[in-house]
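Got a structure for you, questions after.
Every chain is named by a letter (A, B, C, D, E and F) in the order it is written, and numbering of its residues begins at 1.
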């Protein structure tokens, strides 16, 4: 586990810890010699490091995409911190604690999973219950479901983001059964739990969070559809109507064709699945933007919310 | 109170009850004489009545927009019921029970109001509490708020529809406080209760549900804005920030400019107010369409949901 | 096989042949008695039949969705032909020649299939060749692929429409290899052949052409994706890259999210597959509308082409 | 009043005048010491100033948002002028002539106001005349109406811009009474004069032109609506119809929902108010862009006009 | 000249006047014989005529698209007037007064033309003056320009509608020169006069107002462009810059690509030409709808204005 | 002809060749003196040159838009090559080989023209054949048509790009005649050959490829329309129907109003012309982007294709 995180470094400090190298570049000095700039990250942020000697040799050794033990000290330059690097040693990826380098949900993933499982008993439809079981009896699936991010950017873009997102939707759904008794709540709960399972194949999240090739070419809607469809086919006598209804919910949970759902919701549970997904994603954007802009009244323009966000006075 | 409702009439029955006249027309008979067709309604539907004698005299007397005691009998003609009218007598509007002629919420409005008031104690902000009090201490307002429809068509287009819609949004909001503790729940509850108060001026709902002139020219967003703004100005020392924040929520609850909100939501409570409003309206459209189409698998195209709705098998 | 088709009937003729009943209705006569109107079709059009006697008994017997032997004669009434029906006898569906009642491609489906197979040898990629083989070695698939319509309305909405559409796209593609040698032509040919295979599950086409429930809830893109994915998984060592690339082409062949493709084309073969599909569908709409409007200069407004079509002078 | 404006400064000149500080930053020098860069403005433009000595002390003193007396000299550096600053002294805002720092209409505001008042006599409707009087009898309102900008950017973004915009619309309207005698010209004139009064609360314009919090959360349409509504309610017996008609014009003057009008114009005077507003704003953008690009044939892409503007040859 | 117009006919009257035949249809009578229905029009409206005898012979003679002298009498049937026709005689088109059958501007076309010509002297650019002269020195052009409709429906869809539209735009433009002295007013006036000249080729307006084939395939923008371009090329030394600027104005006067202008306005005179065109068309729609709906408060939904129109109280 | 192209220069090389000057700038040196940076291009790319002595004099002489013989040597600086310039001499434009400085089609323009002409014999309509002849008998036209670029950027933005684009569309069209025998292939071929002739007036392409003023104000659709229209008018007895049909194809070849076609295609040949144009342009974008991004899996976001492009594995 790391001890020195980028966001905590202060000018004057000595540094000896592991960082992830995302890029490097040779720059010329006035005297004709050259130096090396390294772009180093951990989960808390990015810092530039400078190596003044042996730039040409070091550049052969410092390969972006690897982890390095960095020895040096923190300097202030142009108002920002940078590292004056004395020594750099590669560290094999197996020795790395993934949580040091990738942002992680502020919630504990074991607790989130336990909370998720409390909803299983609300699924009082034996076929749906079997389907959920068949996913959660698979330890490899559970491990990935616990760890996968919820997105590559903007919201839930951190480890366990998928699980956190799923649990928040379940919490939100609680009021629905009371408000609309006509709604098939077991079906909705099943839809919530499974709607984004394709994301465990849409993203890689070992060194950094990014799309897989399949993820970009096919998308999590298609891949989740396939995963659920495959599991259903292994359950004897799963009703055909229930299969197509549930698959339709997976397909349509983005709500609109232009958001990548090839069909729009055709019954109320599919609509509610979409609205819960949309609500949780957008609320997280509002809360993130508010959190990151403490002290101002208006944030910068937010790309996805398509507005500047107002920070109300806190009485 | 009426006893004989349109939807319950059967061929052969004798009829003696009050109906609302929405139109009438003279038709020629083969023999050169003419007869009168009346379009009659109550809250349960529409039926045509025919008067074979003295058409010219009766037409002077039978004015659309009035109520009439109709005596006659039910006939079947071309597969549909119609009334053979023997006698027609005007009934003054004061003697009419409004509930006989306008559709009404399936919920009891006193119980809805009582449920609504249980949320008042959750508003632990003294200024917001005072504001809510100032509305609900006004008996005339309370009466209108209890009776007003929620829309002129499509969803909640019945007496007490506004109150039912407001209460359903409050029920849905319950899960939010648990899920997102950062949300200012008292503010959200206040926003829900007040967001549509302008509708008591947007609609007339004495004989039929329709827009007022102000309603069509100005809209309930503007009129609700004005009502809340006026009430706030009567509360001493109501904070300016809280006033603008709450008014912003009223303004933006349609969520998008193209739905008639002149600004879009700029903080999370305003966004949530919009999403709760949108969800309840859409869910009611799904449930209505499902209810009205029992027995088919696919409904006709739904104008507002922009799709045909699927009726799942009921196991 | 039928001998007397609706479009060829002439006033005065005696009729004795099978028709499909799509609806019926009882109407009252002046004298208080009633008669029955039948809506009868075959692939060439629709005609109304009237039964003057025993309307009440016949209506129990004449069920829409069945086939009936009709005996009677052709009358002209109000400028249109109608049938005066003397006798009506149900015919079991097994005795029906489907081609008499459903419109059929003007091309011979055996010849179309033979032409399609000439493209197999252009697929000089062994994995793609195996995939195509695995589909066309399955006789049940081939039978459905030969018979399925290409759409439920507007274009290729007739038996063997899917096959005709696929073959026309192959013909159009011929010039591409010469024009752009960079294009992977075997991949494109494979994509063309498989892009719409989901349609054999999207439509029913035994008595009339309509969507299946799965078809409306999931759509042919999803169902075709699943069929191709399943077949690929049965081929040992099929390259992962080739699988995702081909599945991407199936997914994106509608070209735009708003046309129901959950992703847009990301490489040139996927783009070309989309453009060939789009071109053939639109050209057929132009040709159909032109064919059906001989003699006028401008057709009515065409819903899909979003214009009135001009019929040029034929020199 | 200032004497030395940014746009008139020439290399070599000595400078001793007041500037507005919009930002500052410490930069490092090669020798390890540091210097301070100041961003200084007046209404004519922006210039950078450099302070070579005591950067750390000066930075405590030089606070963006204040005004400073600057003593120094103009240098050319990299093709642009900059100030070498010798001395910097804060000047209290009360001693500042606002016109030196904020851009101002090229027209004299007293003359514009006088011209505006010539239209009052055309309002030959006593209720509308009283309404206009009630606004212009209020000296504080008149003062703000004379000074307020017409926008925060793009067009009329200068002191008295609101008044100039209003007067130009009145001039444009003159031809309307002759062309369309059916138009209620007094109503249109009243609408023009009042349509943007909310802007005096939408903007601050003491040190720089910017939105108020209310302005951003509520917008000038809502605030103007409220101002006009309040004034009307103070006029005894103001007709209800005239009130809703005029308020509707305020509400709809942006013409389209997507431009922030919660309703669209429903009668011809409301439509004309919108079109005059739109025309004057767009013409000003064309004229500004043309003025600022003398000597080129095509301007850069214009964000709002969504085009590059062509500068015709001047014969 | 006609004396008896459709809208003035009253039941019981004898009729002897010319009507235009737009359609006819044979209908069966109870007794097995048949009768003929004629659809007859003049500029004031449409009336149905019935011929009871010799239907088969008359139908050979009564050809839609011709004019006929009708002798008969007015009957009331089902609440509407119809003609009982005794005699029908074809009248050659040369004997017809076009103004009897096509709607005509309420303004006198000679006076409109005279008013238009008063603007010629404002064109103090010799090249533009020559261009205008070259059009108005051509008597055939003048005759067509005086007579052509301004559109085929919705607004100015009557004889001399083009001229009326052009003159109204000139009137509206008067205030522009005062308001924006930077505008090249002679260029704008020239643009107004010529912007729609293509309409004399876009429409036929001898028997009814309709599009020509060229009109529908090419549109008046293209045809007007060609007419102006051709005229310019006949003027020696017409400046190339002025030509492209004026042609650009013709091209862009619909303002937006989606309204059929292949480019958008790139300078202020082109923008103003568009806005004047748009304003006059829309104002006419408002005034027409208001005129036709006297007595109601809200009109039906207006297709083009995309709203219901409000009729204000007339004090 | 040049020998040393920018993209082939290597550090250490001596340079003596002609370059095109697109810009220059004076920069200050530490010692108070200054130097000159030149931006130099040929068709293969851009390189910066530095002149250390006599910057002030050289700047008077080095005028952007001219060609210069440059003598100097290649240095590496900051990872990129630059030129250290010793001598600079202006070269008159007449001595320049245009192909050295403007990018050129990878195909030989004589061969492309010869291929184009092979399609002439397929035009078995004498009037269309005469029209094509009238263009290609004009040597000046042929020369421009052979040289003009197909666009100013994104695709075919090189000399002979127009010809290459036209020929590729002809190749693609070959399969159409077989697939749809109903299509008037001679008309389509004529449309392809002439659809973009306006581009020879839309662009300048002597020193660099850019729009003409006419090009930007009027566009190639309008200018091509005029050119074809003028040629047709010189052919005696050219049928009016054929003229309007062909002009319609020119007008509508962008397919949609929002792409600048003032009408949409109204018959199948016009639609096919559009689709061939669209296909060739888009395919070239895919192929270019693929070619330029060898070695990556995903390209940057492509502005026009509105996606990132995937580079499939090459087996």
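Methods note: a residue touches a chain if its C-beta (ideal position, glycine included) is under 8 Å from a C-beta of that chain, and two chains touch if they have at least 3 such contacts.
Nothing here was measured: the structure is a model prediction, and the numbers come from that model.
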Any chain that touches subunit E and subunit C:
B, F
Of all chains, the one whose CA centroid lies most distant from that of subunit C is D
Quick one: point me to the chain whose Cα centre is farthest from that of subunit E.
A
Subunit A and subunit E, separation of their C-alpha mean positions in angstrom
63
Rounded to the nearest Å, the gap separating the Cα centres of subunit A and subunit B is 44
In subunit A, the residues touching two or more other chains are 213, 216-217, 241, 245, 248, 266, 308, 310
Can you tell me, using the touch rule above, whether these chains form a line, ring, star, complete graph or other shape?
other
Quick one: which chain pairs are touching?
A-B, A-C, A-D, A-F, B-C, B-D, B-E, C-E, C-F, D-E, D-F, E-F
If we count contacts the way the header does, which residues on subunit E are in touch with subunit B in the complex?
77-79, 297-298, 308, 310
Can you list the residues on subunit F that touch subunit E in the complex?
213-214, 216-219, 221-222, 225-226, 229, 241, 244-245, 247-248, 251, 257-263, 266
Spell out the residues on subunit C that touch subunit F in their complex, using ranges where they run on.
168, 171-176, 178-180, 182-184, 239, 241, 245, 248, 264-268, 271-272, 275, 278-279, 282-283, 286-287, 290, 306-313, 315
Per the touch rule above, subunit C residues touching subunit B in the complex are 26-28, 213, 216-217
